[in-house]
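Same chain, two partners: subunit A is paired with subunit B first, then with subunit C.
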Partner chain A sequence: MNVNQPSQSINVMINGVAETLKGHVIISELLILKQLPINAVAIVVNDEVLPRSRWNHVMCQHDDSICVFSAVAGG
Partner chain B sequence: MNALTDKQYIQYSRTMLLNDIGETGQLAIINSQVAIIGLGGLGQLVVQYLAAAGVKHFMLVDHDVVALDNLPRQLLYSEADIGQHKVSVAKRTLSRLYSNVYVNAITDKLTETNVIEFSKRLNTETLVFDCTDNFVARHVINQLCVNQGLTLISAAISAYQGQLFCIDFGAKLSHEKQHGCYRCLYPVDIDIKQTCSQQGVLGPAVGVMASMQALVGLQHICNTFTQYGVLLRFDALTLQWHQAKMNRDQQCTLCQQAQLQGYAHEC
Partner chain C sequence: MLTISDHQFTSRLFTGTGKFSHQDIMLAAIAQSQSQLVTLAMKRIDLHANHDNLLAPLQSLGVKLMPNTAGARNAKEAIFAAHLAYEMLGTKWIKLEIHPDPKYLMPDPIETLLAAKQLCDDGFVVLPYVHADPVLCRRLEDVGCAAVMPLGSPIGSNQGLATETFLNIIIEQAQVPVIIDAGIGSPSQACRAMEMGADAVLVNTAIASSAQPEKMAQCFAQAVIAGRQAYEAGLGRVNRQALATSPLTGFLGLNV
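And then the complex of A and B:
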């Protein structure tokens, strides 16, 4: 998880499912690509929470494991 | 209390058999002070486990009353309690079941406007359990704990998704080891729809999260807990747990403010 340039095609895991991404995809773009609601989710990349303020700055890397999940408030 | 009675030696013997807890840990449990905010599915079980383990000083906060649809997962209450404040029922039941339990039952709703007044009722050693059922309250509690340097044990569940974390906001950590807060994880403008009342929930799934909250709490009190700043997510359908380090959002104004206050205190 860094801002280095990735190769043209990379393999990542998104919520446990293998996916291939083409081009340089930043996290916020990934959410749009996957039609996920940007204002309703949190993201973990490689077992670390990625705060929302970083989503426009972090590029998906080969072998990244990305988990997207909803906030839960019930009790 | 600085020594156990003969009865307490017998009563808490299974806990004290754990090498890393022993009599010292049991005394820490008995002398601890706990605030549980929300006495619904999570809080009603957390308070029972803690009281049974020996915790004597509770502040219980909930403005809600017992309702019929609470009963499948809120085992502290019965049909006879319907319409009564949950904290009042909890206080009555705990006082009957456990000796020398002191319960401060508060039926006010904790809000942004009364949080400062509320914080005066807590001391720096109070362990705070967030067992509420809504996002607004969770942010208020987070703010309270960050500003007061308290330890927060937060759990939530809706449908089959549970989440849990413990953060000691009073711990002095180096910059790179500092954990994020609830706001770093979920900014205040997040669009949230997952509550039990909207999505449903199974009683035992709530119980898993509440049991974990109580377990984490006892470990924190006994100084055996190590997983601070780790978000645990539980899938009650596949029974899988996932862990993630809670990183601080460098743009979180709440954390920035607390850090500045910390520097000011050090100076």
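And then the complex of A and C:
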């Protein structure tokens, strides 16, 4: 994770699924790109919880593992 | 009125949101239960599935949401899950549950205590799900848990208050609210827990698995109110032999 922005395609894992992104995108853009919900989700990048305040500042990097979690029914 | 941390509840019936056949049924049942606190789990989103909005309709009911750490197998995972929940829902309330055993879902007491201490230090309002162990409950209270949630019987089993003897000790000793969680299978069992002096009960499977969840939710609401009122009124003493409720002498003036 950093703020450099080279433009080549990168490979990332999103919730365990391999994806190729056309260039580096920031996390908040990634959610829109993948039609994922924005509210009431939490994001983990490379096993670290990424605070919402940083979604606009952190860019996906090659080989990143990104997980998006949401609330589900449970006891 | 029940107070946990800085939050007040007029209902002493807490409900889980799992196992309902349909979200609308779950929402209707929670509305009928008059519950003011519901539990949620967390899951990695399936990228190719529809993303049902669970939160908005729950929030429209005005209930407080309490995420759980289900799926955590140790303290480290549970602490991670709590922070994930905070980012997701903006609440520091967390139902701490660590049960690595998939068959009986018995909570791990050592990992639970470790996680509870760390989460309390991190400013979370921690409600740990534990076995009905009075010593453990005191230790959890000592590290700052806002309540304790001992089990009646295994999760989802509907076996009722198999741990009643130990629940009584916990209730007697606790300085924080005691919420009987897991295993309560019928309104009468919820009523019994409240008669014993529990501060609240958490019910999920018994409502969700009923043929008529809405009606069952109403029954639980009534049972919890009745049980609490009975506790406040004070139950009569239990005696080993009969004590007549009617005069047995002087019948019709005859000395028989």
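Keep in mind that, in the parts below, the second predicted complex is superposed on the first by the 68 of 75 C-alpha atoms of A that agree within 3 Å, B and C clash if a C-alpha of one lies under 4 Å from a C-alpha of the other, contacts with A are read in each partner's own complex, and residues count from 1 in each chain.
Keep in mind that, in the parts below, contacts are C-beta pairs under 8 Å (C-beta built on N, C-alpha and C of every residue); 3 or more make two chains touch, one makes a residue touch a chain.
Since the model is a prediction, treat every value here as computed from it, not as a measurement.
Peer 1: For A:V44, using the defined touch cut-off, is the partner it touches subunit B, subunit C, both, or neither? Pick first, second, both or neither.
Peer 2: both
Peer 1: For A:G23, using the defined touch cut-off, is the partner it touches subunit B, subunit C, both, or neither? Pick first, second, both or neither.
Peer 2: neither
Peer 1: Determine, under the contact definition given at the top, whether A:A73 touches first (subunit B), second (subunit C), both, or neither.
Peer 2: Touch status of A:A73: both partners.
Peer 1: I'd like to know which partner A:I14 touches here: subunit B for first, subunit C for second, both or neither.
Peer 2: In the superposed model, A:I14 contacts subunit C only, not subunit B.
Peer 1: Touching A:K34 in the superposition: subunit B (first), subunit C (second), both, neither?
Peer 2: Only subunit C is touched by A:K34; subunit B is not.
Peer 1: Touching subunit B and also subunit C: which subunit A residues?
Peer 2: On subunit A, the residues that contact subunit B in one structure and subunit C in the other are 37, 39-40, 42, 44, 49-52, 67, 69-75.
Peer 1: Name, in rising order, each residue of subunit C that touches subunit A in their complex.
Peer 2: Subunit C residues touching subunit A: 16-20, 23, 26, 39-47, 51, 53-55, 65, 67-68, 70, 80, 83-85, 87-89, 155-156, 202, 204-205.
Peer 1: Under the stated contact criterion, what part of subunit A meets subunit B in this complex?
Peer 2: Answer in residue numbers: 37, 39-40, 42, 44, 47-54, 67, 69-75.
Peer 1: Which residues, counting only subunit B, touch subunit A once they are in their complex?
Peer 2: 38, 40-43, 130-135, 138, 155-158, 161-163, 180, 184-187, 189-197, 199, 201, 206, 231, 233, 242-252
Peer 1: Any idea which subunit A residues touch subunit C in the complex?
Peer 2: Residues of subunit A touching subunit C: 14-17, 34, 36-37, 39-44, 49-52, 67-75.
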